[in-house]
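Here chain A shows up in two complexes: once beside chain B, once beside chain C.
Right, the complex of A and B next:
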């Protein structure tokens, strides 16, 4: 019998979080970190149970199909979704099938949607991924958007990114507003704070999203020869955990982020078009660090924005090493 | 935006200059045939730099239905001047007309001045080395011969095009492009006719070339222009 663990990720309306980057989900299986990804086509069902006010099953289905198509359309990745029709089941059901549906969660007043995985802890395979849209929130499926509701397609695209194995990006900026945070700008569909009602911007995948999914689902052959950058973030000679590293392509215009993910300050940013990059390191200091890391105590946010001292160059089909950045306490 | 030039103008310049070259070559060719001659010149050079323009890292603001850009930081990008070396082989095909092959090696830098960071990080300049290799072919037309007591001074114009290879620092990435060039210069020959001995086969040469290139290291698809200035010594092999 397979044992399973549940992992969740939520898209938040006007709540928390800062920064810049894509992150891949991973689990530790017997001490070995395993990246979550699907080995082949991803089947899904659309729940027609307890839909949100004003959203028909057909509206929901079509918004989802457009959102799936956006990810499938990434030329530098091999992604295939298979629609298996409607179901009366709920996303919260433990049924070994991937279900997208609504659940009324008035208690989660700032949460638009949640993706949950059930993972085989023996081999790290994804058994099931479900997406719950909060029916207690106002939704819109209008082509041109509506100020009365959050764009369903845009939020679905974010959640589908989680289903694919992407974590939250920190490519964005927020500021404190009351008890929460106000979105100043976002540079990724996978940024954890949604665009406000009426905005259609969440329908457009950004370079950070595309780099992330291209890194996860590289075509077996014939794909573009993408590169990457890697190095360390250090402070006083010691590695920094949880620094946000952003690569900006001088030619491509790509803005792609990554994180230093261990106590040595190691980071890797993949899915980059070959060329010259400016590398900027910033702290995860203005929001819910738990949107990005489980162990928030390890995250060091006490340093100033720092740039890599040279122009970094991403090769074709490889990762440039030693793009090291030394930061200082503020 | 700095650094971009208009394509129609550059095409006009190239077309006019190519026309002048053809007229000059036909005129020289019509005057007389000549013995074959091979000239080899090695020059030190300065490869000028050029702007690549401003690049702005932006993300998207929360306005509905479409957001306005919010700047993370700005950068002004340029190729900086650097030293180079050029080897030229000139084969005389008619009197005053040479087919010429040039191999060039230049060491430049690509530089980005970063400023206006959204979190007020101090402005700074980052750079990396860029080694450039060119292999070009073209024609050189000698316009006149000024006889001096110490030899002959020969003004010339030349033009051609070729292949550009740009190697990033540590050979992490190689990018390629194409060049066309128009130039002018002076040759000094110890003796233009009937050379006797190695000393009288020696020559010196100065060049100024206007280079127009496409592809290679860049921030967009614009054609870029720059100058190279070189001077060196050579020898007539036969």
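Right, the complex of A and C next:
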């Protein structure tokens, strides 16, 4: 079985994978940039080795199943998870299994959950992908939410998005109140900051999440013919790395973000419903840049918000090019 | 707004797969979900706050596993809170060792000589840990035009309201300003204990 999992979990080289690559995990395999994508059903086990206060193994399992179902329910993507039952193993074990479980990590302050991968960089196999929920944090599985804990299903949905290969979205807004900061609106389950306790907002996949996973797991046939936008973000004639590019659908209401991800300032936003979009470019200057990029040395967050001067049109089954935006220093 | 002709369907289209996209796989993005901290909260919750330089990065496998981690040694350039020795060490998950790569997205990549500001707490059996996952890690850069050390700082407390990207008060801040803010928080904390 383990061997089967390893083979099934092989990374797909980007050159052979369709679609754009703006919000995906990328790793270097034998010197080739590849994106993380599972070619078939994704097996997982549920750890009952440790649990959070007030959360039973059954509660945990059911919350996970609802979270998996939310992703599997995206009509424009082909995603399948295979539950392999409970395990006494822990997410931190090196066991060649994908394990979702609680571990008590008081040292991971302010951290609700973490996803990790171990990858064979020679043959590209994902040896395992694990999700660790922090049992030191307060949790809730109440249908209507509870002010006493963070909603387990919502956080699970975020982490499952990572297991699927999605990175963090920057489509969200926070506010400062007193000495603290909190999330007030999010256009993506994949926003890296959790909603406050009691909120159920994170249970609903948003257009940004759906676009990303639809782009990554296009149905082999019969799926909707989606479109995309691409171009460059430049400042003083040079490409900007790490700009956040957001497409606002005038008719669809979609809000989908992407990033300029190289020194030429290239960006691609895929998974868009065909139609007209306003394109806005903004700096990632409101928080933890490390949560978006591994190498943040080149991220340029010193420019003013800038709009593409025209209406951009995402074509059906294609990607519009040259949606270029020139930004200026503040 | 006029519709851009070159962006109408059928014109200026790119094939979905191909060389361009092959160049666009980003280094991993990130994978944790956190409760956000303001700069003031980071400074208040940390036991140690240091401006430091990466002295050494030792990549290794966690004992008995294929998981890769890094033992990072930092030379302390300036203690902003607490009384650290001249060097502090932090174990960060992730890295490549032999044929194995462990990816814990959100954990920073570091190289020797880089300057950082770290917000740290000591934990039994785990040693020093960053406060708030990667929130407790600020990379120090040198502004190419001024030569000044700057930091992409977290949001600070005291200005209630939405955090607006691109606002004139956002963007990289001088390290000296960040250090002064941390010093104020630490001083207030000390006074509060008296």
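Observations on the structure shown:
Operating definition for what follows: the second predicted complex is superposed on the first by the 299 of 330 C-alpha atoms of A that agree within 3 Å, B and C clash if a C-alpha of one lies under 4 Å from a C-alpha of the other, contacts with A are read in each partner's own complex, and residues count from 1 in each chain.
Here is the rule we go by: a residue touches a chain if its C-beta (ideal position, glycine included) is under 8 Å from a C-beta of that chain, and two chains touch if they have at least 3 such contacts.
Just so we're clear, the structure is a prediction, and the values are computed from it rather than from any experiment.
Contact comparison for chain A: of chain B and chain C, C touches the greater number of residues.
In the superposed pair of complexes, A:184 makes contact with chain B and with chain C alike.
Shared-chain residue A:276: touches chain B and chain C both. By the touch criterion defined above, A:305 lies against chain B and chain C together after alignment on the C-alpha atoms of chain A.
Shared-chain residue A:315: touches chain B and chain C both.
Of the two partner chains placed by superposition, only chain C is touched by A:155; chain B is not. By the touch criterion stated above, A:292 is placed in contact with chain C alone, chain B being left untouched. In the superposition on chain A, A:147 contacts chain B only, with no contact to chain C.
Of the two partner chains, both chain B and chain C are touched by A:173.
In the superposed pair of complexes, A:255 makes contact with chain B only, with no contact to chain C. Taken together, the two complexes place residues 20, 173, 183-184, 227, 274, 276, 278, 282, 304-305, 309-313, 315-316, 318, 320 of chain A in contact with chain B and also with chain C. Remark: chain C residues 1-4, 6-10, 12-14, 16-17, 20-38, 40-41, 45, 64-68, 93-94, 96, 99-109, 114, 121, 123, 126, 129, 131-135, 137, 139, 141, 152, 154-166, 168, 170-172 touch chain A in the complex.
Across the complex, chain A is touched by residues 52, 55, 57, 59-67, 70, 72-73, 75, 77, 110-112, 114, 117-121, 124, 126-128, 168-170, 172-173, 175, 217-220 of chain B. On the side of chain A, the complex with chain C involves touching residues 14-27, 33-36, 94, 106-122, 127, 155, 158-159, 162, 166-168, 173-184, 192-194, 227-230, 244, 259, 261-262, 266, 268, 270, 274, 276, 278, 282-297, 299, 301-305, 309-313, 315-316, 318-323, 330. On the chain A side of its complex with chain B, the touching residues are 20, 144-145, 147, 171-173, 183-187, 195-201, 206, 227, 246, 248, 250-251, 253, 255, 274-276, 278, 280, 282, 304-316, 318, 320.
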